[in-house]
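Here is the structure we will look at, set down as structure tokens.
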Amino acid sequence: MSSINFYLLEYAYNYIKRHKNKNIFIVLIFTLLVALLASLFFITASLQKELQERIAYTPDIVIQNYRAGMPAAITQKELDRVLEIDGISSGNLRVEGDYEFLKAKRRFHLLGVDPFEPSSDPFIAKLVDENEINATEMLVSKEVLQTMQKAYYSDFFNFVLEDGKLLKLSIKKSFDPKRRYDLHNLILLDKDTLRKIFSYKADEGSDIALYVANKNELDFLASKIRLMLPNAKVISKNDLKLKYKSLFNYDDGVFLSLFVITIFTFFIIIYDKANGLSSQEKREIGILKAIGWRVEDVLQAKFYEAALIALFSFVLGYLVAFVYVFYLKAPLLGKIFADESVLDIANFRLDITMDLSYTLLIFLLSVPLYIAATLIPSWRVATMDADEVMR
Amino acid sequence: MIELKDVSKSYDAKTKALESLNLHLREGEIVVLKGVSGSGKSTILSLIAGLSKPTSGEIIVDGKKISKLPDHFAAAYRRDNIGIVFQKYNLIPTLSVYENVLLPLFPLNLAKEEMDKKAHSVLKKFSIEHKSDMLVKNLSGGEQQRVAIARANINHPKIILADEPTANLDEKLSLEFIDILRELKEKQRTIIVATHDPLFFDLDFIDRVITVAHGKVI
Amino acid sequence: MFLSPEIITLSILNALFLIFGTIAFFNALKIVRFYDKDATTQAQYILEKKSYLSATIIKFIFYVKIPLFIFFIYTLDDLSNILPGAMCAAGVVNATVYGTPLLFLKIINLYIFAFWIELHKEDMENETQPYVKEKFWLYIFAYLFLVAEIVIESVMFGSMDVNSVVDCCGKIFATTSQSYLALLLGAPKTLLLTLFYGLYGIMIVAFVLKNRYLYALSNLFFIALSLITLIAFFGTYIYEQPSHHCPFCLLQSDYHYVGYVLYIMLFLGTFMGILPALLPSKKEKQLFYFKSSLLFNSLYTLLVSLYPLAYYFKNGVWL
């Protein structure tokens, strides 16, 4: 490849400036495309990264009982059975779930704690350790406290039980989950008290958390438990990791067709715009050829023109997506992703996550397409009969 | 040195721009092609410049059969041997005089010093050096004319072709142009002017006036 | 079949290559049949214009293919995280029966397209344009290879199964199995190394003699020997493990992506080494190819030899 011809480059730049209107339109479309693609990848990458972080706090294996295809309570009996398996180092029956606070249209996440069963989540373990909660107390997050206060509850809250009776719990303290967005709706309370709220029997729980001694045996043990408890859903940490890794793969036909349509439309628009040459533009190319430019020279200038626009729009689109996702926290678009994976976007930090491979990917999806769209129009222009200039 | 042998050119089945044309020009000659628009004189220029190819016949310049050259060689030949002055100058208004004059050489990607040298030498010769950084759109008609001629001379071409050069000019500028032509003739350039401006038909330094009509030489 | 964004990107660009490549293909057919540079008909002028279009398209395909190939390798490496059992691209390549032929096909296509561009350049420098028809016959041939590559790639990605376990490079490149690969890898190291450095020596001799046929031939064999010795010997020193023979793990960040550097140098060196034999051109140009080729091949040889030497100096023993 020969070195860059700066004279042709400057000519191309000047040419772009001379046809501002058309080119501003093209830059806009291109930037939009890149911004859209980049936002997509930024959002999914950031979500995935955070999901992977959260997995660190989960137990090695979680067992959930199913009845009639729906989640059901699991009992101490299953726990005892499972604890007998060689390789399981420890486990406990957990009581946790969601509570709908209808008045404020919010959902709290209630977690039953037991000081003798420390949580695998260091943040929660610390809270439980530092604050002794008795059967009538609870710890709430800052956000939950705000919600309750808005409903005029200041230092206690009434939970509505299944039979309609009320259970009053006093707010011992509130905590600040800070960067743990997944704990924004958390309430910690005594395990048995929670059983009352969820109408669980004394030996029932919402799921079983297990810990294994040798992580290499994880999959093997998980499959063993599946055989043992055919009605239960057994999810190992490895399963979660894999699931989150391919969470945003675009197997969904709708997504893919939208994608392809966008790319196709982009291509058509660019092709159309590039093809429309005013008689003045045609004349100029004719002059260039008359003064000695070869077809290859015109093509090279046209290529520089396309490259300048493409590179500029690419960088611009990337910056726009960056600001949109990481500073504005992706309004609208983010919700689509959250809904896709049943995640609540408000629960995510959307940290700055950048991957070089994504940059290359977006580059390959946009710039070659743009240049391809200008190939035939540029050729048409470059091979125009120049003798019309003389007439 | 320029020879058109039995040249015919038709643009489609009906229009025949040139018909079995024969023309011979010696080196250093200055020739006027006289004829109305559509007579075929512009086509002759375009063929000599290698901008188009004849439907039949040959064009030989300086012993070289340019009608047979592939496009990129024809363009190189044109760049190195032909200087064209157009009717409407055809300069790029948003580029400077300096850039306009170097435009034919852009693809060559020469070193800056060399480009500088060539530009300034030709700008000086046509007395437009003092405006070298100005944008062409800000120049007067006469100044633009000189830039156009300077551009045509950037590569010291042996042949200068002028297509209706005075069609858009007033008498004063037309006479200025004729003066420049006179100077160029003294430098041994071969010059062909295609025009129907009567100012050219009676000049002392013109070697020949060739009348072209309906694609034939009369 | 799963559609990661990488696979979608590859598919879209493949579709682009297919569309434009086919346009160039039909142009090539017309040119090969009707092109007559002495004709002055309108049809001939149109063909000349079409020739420019085809050349532009082919250049476009080639220049995009290069980063795309690197991206392809990266995608294979990335997929190794999803396919159970695969630890690097080797496992992914072996996940289907299409992987290895596809890889070879892609590399061959890079060589073919690069050669086409050089042939085109040479053709354009001559007033008589001696290679027009040859050029487009070559492209017709290259197009078929291109289509084959795209079809095989689509089938390969389509048939990958996230649920079936694949072998990792440890098993694929083991010296204890029955495959031809194992035979090659099990050959005595001294023999392989003698051949490798010997070929390098022959290359230098051919360079000094400026014999382009000998040089090209030595380069051709050099490709084969480089790859074999890389897998059998030099790779183990890069990994510092006597049983790690994988040619793909080199591409990972653990080894500072040295794989990319080595393969690029090998490709450039050998391509420019074979070129002079296939394409007669001016003295200076040939000299340029000779010199560049020797440079890249030497750099490759040097870099690849550094690893075992460094290991020996550090540890006092060979692996």
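By letter and in written order, the chains are A, B and C; residue numbering begins at 1 in each of them.
Here, contacts are C-beta pairs under 8 Å (C-beta built on N, C-alpha and C of every residue); 3 or more make two chains touch, one makes a residue touch a chain.
The structure presented is a predicted model; accordingly, all values stated were derived computationally and were not measured.
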item	value
Pair with more cross-chain C-beta pairs in contact, given A-C and A-B	A-B
Closest chain to global C-alpha mean, per-chain Cα centroids	C
Rounded Å distance between chain B and chain C, as computed from the means of their C-alpha atoms	50
Computed distance of Cα centres, chain C from chain A, in Å	37
Inter-chain centre distance, chain A versus chain B - centres from mean C-alpha coordinates, in Å	64
Per-residue overlap in chain C, given as positions that touch at least 2 other chains	124
Residues of chain B touching at least two other chains	71-72
Touching two or more other chains - residues of chain A	295-296
Chain A-facing residues of chain C, complex	2-6, 8-9, 12-13, 16, 20, 49, 52-53, 56-57, 60, 64, 67-68, 71, 74, 78, 81-82, 124, 162
Chain B-facing residues of chain C, complex	37-38, 40-41, 45, 48, 124, 127, 129
Chain B-facing residues of chain A, complex	2-3, 5-8, 10-11, 14, 17-18, 283-284, 287-297, 300, 385-387, 389-391
Residues of chain B defined as touching chain A within the complex	42-43, 45-46, 49, 51-52, 71-72, 75-76, 78-80, 82, 84, 86, 90, 92, 94-95, 99, 102-107, 109, 115, 151, 155, 163
Chain C partner contacts - residues on chain A that touch it in the complex	41, 242, 245-246, 249-251, 256, 259-260, 263, 295-296, 299, 357, 360-361, 364-365, 368-369, 371-372, 375-376, 378-379, 382-383
